[in-house]
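Chains: A, B and C, in written order; residue numbering restarts at 1 for each.
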Amino acid sequence: MARVVLITGGARSGKSMLAEQRTLQAGSVAHYIATAQAFDSEMAARIATHRDRRGPEWRTHEAPLDLLGALCATDDAPRLVDCLTLWLSNLMLAELDWQSRAREMIAALPVLRQPVVFVSNEVGMGIVPDNPLARAFRDAAGTLNQWIAAHADEVILSVSGLPLKVK
Amino acid sequence: MARVVLITGGARSGKSMLAEQRTLQAGSVAHYIATAQAFDSEMAARIATHRDRRGPEWRTHEAPLDLLGALCATDDAPRLVDCLTLWLSNLMLAELDWQSRAREMIAALPVLRQPVVFVSNEVGMGIVPDNPLARAFRDAAGTLNQWIAAHADEVILSVSGLPLKVK
Amino acid sequence: MARVVLITGGARSGKSMLAEQRTLQAGSVAHYIATAQAFDSEMAARIATHRDRRGPEWRTHEAPLDLLGALCATDDAPRLVDCLTLWLSNLMLAELDWQSRAREMIAALPVLRQPVVFVSNEVGMGIVPDNPLARAFRDAAGTLNQWIAAHADEVILSVSGLPLKVK
């Protein structure tokens, strides 16, 4: 049965680097499942920075919406999903039912054989946003983190690039 | 002497659920002291969701401003105060002296017999808000958390629904 | 060789107080290196509050930009740098190359003899800011925290005035 790891933290808190190290502890080759979509040049630059840092042991897959499909298609090596928060954002922007999709994906986790390391973001520790959509998003992001954490074997909060063990 | 517990964390980080479990560890019936005021439909829906989750072992009290009065009136069973941040917001909106009220309440804690579990929010880990009122609020919220934590027997940071022990 | 400590946390999370205590554990007199610039009355009031709390064992120095110079000039007693986030903000506002300056300062740390306690802020745990400058700042702040944490002997996350050990 797949080992499930959640690594959460703030922006630029070193989550992806910790997640890459953790994934490669589980195998000499690994899949990188990117949920990001390069809508603009800022996001494209951010994606390129992340890609340049990863070495040749990584195979990259794009899964902005169908994360469950990507997990099923990559069950021959450890996977890093970077990140849940962008996946959620993509589902909400596409007006898809994120709750059903998240529940389906979580229900499938026990069937997978290879480890899955999820990266997620803490977005709920600032002032309540004025914008109702931003409030709905941060509520959904917090809920999704709770759901994944409840099913994870390990949960880590990344602080300044260092791991703080939560579970 | 009452045992005082503080459970803090971001939005939708599972604080209330942890606090409910912690309160019911201390007694088979408990008081739920709600500081929320249902100004609009979004807040009303949020209050209803919380209420529906709680079982028949809970007696609900509303205390948007007079938290000390509510604590004194419910000293026959463990209490959950949900949450300090809304109480602070209510006091500031009503232009009442939150510092005096908070000090009075904290000074009364050693006199209470039954446990008190406070829920609070982390609101100071985002970008500095442009709005001066928002800055004043997050400063006050951080200060109030420090005051309560200094007098608490246990302090827990909720991360993705999991407790991280701080004190 | 100087012992390097990083104390990070949200606004009004008690970082400065923890850092003052930690610095005075290392010596009976200490230097306070302030990076704040009093541009307006709100900031002037905040600086005055911090100064009033500190006792006569502190010598205050102002270093809005030349932090390395201030560290070299105060290597006869433990130092508290309060805070890295304002230093970064000052460098970015002055359109100076913060990355080179940060790398130079970090490279000099092993040469210093007296301890250095850095205070920093968590600014990346809220909703993604709409403003591109705010996004660039929070990315830079997170990166700087990671760099300092990698070279620190101790890293502490301050939560409600209480220290959570990260390293």
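In this section, a residue touches a chain if its C-beta (ideal position, glycine included) is under 8 Å from a C-beta of that chain, and two chains touch if they have at least 3 such contacts.
As the structure is a prediction and not an experimental result, all values here were calculated from the model.
Novice: Are the chains arranged, by touching, as a line, ring, star, complete graph, or other?
Specialist: Shape = complete; every chain linked to every other.
Novice: Give me the rotation angle that lays the C-alpha atoms of chain A onto its copy chain C, rounded to the nearest 5 degrees.
Specialist: It is a rotation of 120 degrees, to the nearest 5.
Novice: With touch defined as above, tell me whether chain B and chain C contact each other through largely the same residue numbers, more than half shared, or through different ones.
Specialist: Shared-number fraction below one half, so different.
Novice: Find the geometric centre of each of chain B and chain C from their Cα atoms only, then give the gap between the two centres in Å, rounded to an integer.
Specialist: So the centroids are 31 Å from each other.
Novice: For chain A, write out the residues touching at least two other chains, lowest number first.
Specialist: Counting only residues that touch two or more other chains, chain A contributes 10, 122-127, 138, 164.
Novice: Which residues of chain A touch chain B in the complex?
Specialist: 6, 8, 10, 120, 122-128, 132, 135, 138-143, 145-146, 148-150, 155, 157, 164, 166-167
Novice: Given the complex with chain A, which residues does chain B contribute to the contact?
Specialist: Those residues of chain B that touch chain A are 9-14, 42, 122-127, 129, 134, 137-138, 159-162, 164.
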